[in-house]
Amino acid sequence: MTNVPTPQPSPPVATRPTVSASTAMPAMIKRILPAVATRGRLLALSAVGLAGILIGLAVRNGDQIDDFAATEFISAFGLTIFVPIVALVIASATLGTLREDRTLVYFWLRPIARWQIVLAAFIAGLMILVPLAGLVMAVLAATVGDGSDVAGAIVATLVGVVAYGAMFTFLGLITKRALAWGLVYILIWEGFIGGLSRFAGRLSIRSYTTSALSRIADDPSLLTNPETTPVIIVITAALTIGFLAAATVYMNAMEVD
Amino acid sequence: MTSEMQPNAGSAQIYDRGYRPYDGDRTGVSGAVKSVFRASIERALGLRRKFRFKIVPVLTIVIAYIPALIFMGLGVLFGSEVAGDVGAAEYADYFGLISIAVVLFTAFVGPELLCPDRQSGLFGMYLASPLNKWNYLAAKVGALTLLLSLVSLFPVLFLLIGYSFTGQGPDGFGEVAKTVGQIIAAGLVVSIFYTLIGMAISTLTKRQGFASAGIVMVLIASGVFAGILTEATNAPDWVRAFDLISLPTDIAGRIFDEQIVQFENVSTSMSVATLFGVMALCAAIIVGGYQRMEVTK
Amino acid sequence: MTAQAVVVADRISKWFGDVVAVSEVSFALGPGVTALLGPNGAGKSTTLRMIAGLAPTSQGSITVLGNNPRSDAGIRGRIGLVSQEEELFAEQRALEFVALAALLCGVANPEAAARSALGVVEMDPDDQRPISTYSKGMRQRVKVAQAIVHRPDLLLLDEPLTGLDPRQRLAMTTLIQQLGAQGMCVIVSSHVLDEVERLGSNVLVIAQGRLAAQGNFHDIRALMDNRPHRIRVRTDKARALASDLLTYGGVNGITVVDETELLVDTHQVTLFRKRIAPTARYSGAQLFEVHPLDDDLESVFKYLVGR
Amino acid sequence: MCDRHQIGESEHVNIAVDPGLTPQAPLPSPAVISAAAVSKSWGTTPVFTDLTANIPKGITGLLGSNGSGKTTLFGMLLGLHDRNGGSLSVMGEDPATAGPELRQLIGYSPEHHDLPVDVAAQDFVRHLAEVHGLPKHEATTRSSDALWLVGLGEERARPIGTMSTGQRQRVKLAQAIAHGPSLIILDEPTDGLDPVQRDDMLELIRKIGTDYGIDVLLSSHLLEEVERIADNVVIIADGKTVAAGRIDDLQIGQGGAVVVLDDQHEAVARSIHEAGIAVRIDGGRLFVGNDEPIEAIGAVVRDAVATHEASLRRFGARQQSLEDLFLHEVHGE
């Protein structure tokens, strides 16, 4: 057997990532999707969606419905409960399951840039959230409202799914109890603090989804002064990029087991 | 290794501290069940464990007895005749008062009795002892029923005793006996009902946190849905009975000669039928869940 | 020949809060198999994780082929890791799992590379069953295939032998031996010492977070001059052989167990090995067995770290 | 090479007069476990087709490759799974019918290490002793004794969650012996231990099997361990018992001897050959003779090595290690 060799530094090896995003990311997305879209999760979330739609039906043939009540209901059920919860359960599971069953190492210890892993997880989340949440919210809006409500609900859902998706993907990476902390954010921060003042409202994603709904379904009663569309878009983009960047930094510095 | 004791070796002795085989008689399956029963109660009340495990159980139990003390106080201050209209509760609606304490205790103690055993592999070791799944579950049902009766049956009994002293209680031996019988019956209904619900949900998962959250959500959601379906839509009245928080209190009310009933236009038979239906469903979940459980782990 | 160093550790330390897991450990390892040994909790896995870049060093530096595994993305394509964790992508098939690893390492034709890697570990690449249904031995081999599919220069195996039955262990040690012989720098951490002995004799022993010994364990044993070598000799004339050995055999002490068995303690073991046969012939004693009791890796390990 | 230091049959006066164990010559003690043509399958997949073995008193090693059904066999011995066919008796009773009574007298230590995290070791062992039929007071004293005996005396009040793998293995062993069983079944008792911890555990199991008079059935993948502490062995493969009996009887020598030299390999080999005994060189080792008695081989080797003043590192009869036996029996290699 060779004895202990004398230490000589060998020629430097490429330090930059040697695998491009175009090859790595599709493969990772393909791997993350089945781990997140488990039967249990999909069943539970569609059940919640169905319950919402049933209640919508109940409210409708309770025959005291009018246009403003429709957006009221979409915002109350959809944007306050359904969209955030669905986003939390799915998005926190993307990096969360990888970390919990210790398979993250099979992505982490590879010559690829770390932001690709984060982006792949985020996109995988969206690929589940957009159809699931979008469909349920569209049907919900259709049962209680008219065309503009449906359009408003869909756009608001998109805004919510993107912003919440990024935040909860990050949350799933940094803590094992992502569900618990996510619920704290949704119920306490958005539910309670968000309502205190207009400024406090701006610190919660819900104000932007609700603004999007009220803008498109043109129902000013939802919010005192809803944000303008460009503001919604800029804020959502900023939040998304911010959370994904934070996740990348965290992933570079973390200890993987 | 064992050294014989030489009688004439002066006063000094060296004793063998080695292993002593046990040849006494053993307590068999009944002993094992008692031991699991006792261990479950100790664990739920946080005995033999760090202080923080004692907080929730003690707090919940105290909450269940405070209203009784207040009502007795009213009796003493305002005299037994007036106390009733000033707010001293009757036995039936005392159950309603403490239903929140019972729900919280179920959500905390139910998972505590079942989930850690499976999470920690202790359940597998129980099966390697004279116990089998069924007498294990019997011990757990017994323990949980006793624990829940601490916050349902005994507080009302305590109330009866208190009322007897302050003069608010029933008079005449027959009357007292009848009330005690009613309290025990109602208390058992509440304890057993929530025991089955708590254990059914705790069977579905190993993680105690999920089970506790599940119990609270199921109970609250049942109330919300029952309410919405009967008010918003024109669902039949008996659907009201599926509010699992008020159901046992409603039955308790009916046991006390229907003094206070939660669901007005729901017949007793329908309310009782719903009760037993839900209890049967829970029993099926428990038995089905443990039937399929892997034995060797 | 001084082989080129693949892994160089320069006074690396690691502490979690104020618990010191590894302190001031330095080594340089080249091609071939090195066994990383140490009692539980001595810092063995922490060191392995620092080499792979999974955990940062609290102090000191580690370079793999001159690069920092923690920050230089490129070098991560030259490292293969078989971790202890049981979890794999449960629903995946073996071929998919290994091909994914190949793809993420930039291998030209991932599926072909995956097939050949699975072939090396004697696994059927067309097995359609998901990995979750695999036995522990099969899972271990799939993990090894994943670690060698991109032909790494450095292969790290954390307890690859635990839970394998004797036949699976034999297959795994043979495979590791071959990889080492092909010039790959292989670091194996394990407790199954009589198997590790088959892998080769280059060891790195860590105890209480400190480097206890390094190099060929036979040489290490020879350095232990405070520990006399103990050899059991079976013969037909124990007493006669014992007295002659005391005079000529370079022996320090002898215990006559019974008429046919001697326990010899000697500080000059090389001299004893030369003299045992001639002395036996001289005293007309038969030789049935000459068995060194503490020359194996397990004894060396225990002397270094234990009793 | 099997260098098991044989502990002489200690003068064992057992208070409970165990018929099988009298001071003079131990009578042929009845088999602790006897299985005849036992078959078992999970659904359609057969696990055992013809399991036949008589496991005597003392320490017995159960060997089998991964997935050969060791855990299923333990389950059947404990009366947790019923068998499909054949007869099986543990301590004279049929586990399928006398399950609870039998399980009272058996200590079982499972393969996994997960134990209650927030329970003190003492409470855990005491509780399981009670569950195995000991009255409350007896359970308390004996669980404390058991923890001292396995070396966890000081740590007995600590929660198990704060314990290392080595300590957890000892807690599992303590709960297996605390309730005074006649037989203990240990599934991979040294899994996860480092060599020093493994030695202590093996020494402990050895003491339990001999001094405490408790029969031990243990499974392990490290055959060198089983060789070191077990008296008998049962090897199972493809649903059948492939070999069973005392280790010494099974380890028939492969005949011939092995000589390990540091130098002069050819010279010594030539001399041995000239003395009329076959010899083969493989690496640094000489394989001498095939079935000649060791005495004959010994004399020739001694003189050959002496004349060439070769450096003799090791010499001894070629003993079939348990591992060779296992690989041969189970896989015909």
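Note that the chains are named A, B, C and D in the order they appear, and that numbering of residues resets to 1 at the start of each chain.
Here, contacts are C-beta pairs under 8 Å (C-beta built on N, C-alpha and C of every residue); 3 or more make two chains touch, one makes a residue touch a chain.
Everything numeric here is computed off the predicted structure, so don't read it as measured data.
K.L.:
Measuring between Cα centroids, which chain is at the maximum distance from subunit D?
P.N.:
Of all chains, A has its centre farthest from that of subunit D.
K.L.:
Averaging over Cα atoms per chain, report the distance between subunit B and subunit D in Å.
P.N.:
From the centre of subunit B to the centre of subunit D is 47 Å.
K.L.:
Provide the C-alpha centroid distance between subunit B and subunit C, rounded to the nearest whole angstrom.
P.N.:
56
K.L.:
Which positions in subunit D are in touch with at least two other chains?
P.N.:
Not one residue in subunit D touches at least two other chains.
K.L.:
Which of line, ring, star, complete or other matches the graph of chains that touch?
P.N.:
It is a ring, because the chains touch in a row that closes back on itself.
K.L.:
Using the contact rule from the top, write out all pairs of chains that touch.
P.N.:
Here the touching pairs of chains are A-B, A-C, B-D, C-D.
K.L.:
Give every residue of subunit A touching subunit C within the complex, in rising order.
P.N.:
1-19, 23-24, 27-28, 31, 34-35, 101-103, 105-113, 253, 255-257
K.L.:
Under the definition above, what is the set of subunit B residues touching subunit A in their complex?
P.N.:
Of all residues in subunit B, those touching subunit A are 209, 225, 228-229, 232-233.
K.L.:
Hey, which residues of subunit D end up touching subunit B in the complex?
P.N.:
10, 12-16, 71-72, 74-75, 78, 80-81, 99-101, 103-104, 106, 108, 110, 112, 114-120, 123, 127-128, 130-135, 138, 142, 145, 149, 175, 177, 179-180, 208, 211-214
K.L.:
Over in the complex, which subunit C residues touch subunit A? Could you list them?
P.N.:
1-6, 8, 27-33, 49, 52-56, 63, 65-67, 71-79, 81, 83, 85, 87-92, 100-101, 103-106, 146, 200-202, 214-216
K.L.:
Can you check the complex and tell me which residues of subunit C touch subunit D?
P.N.:
Touching subunit D: residues 38-41, 135-137, 162-170, 191-194, 232, 234, 270, 273-274, 276-278, 280-281, 286-293, 295, 298, 301-302, 305-307 of subunit C.
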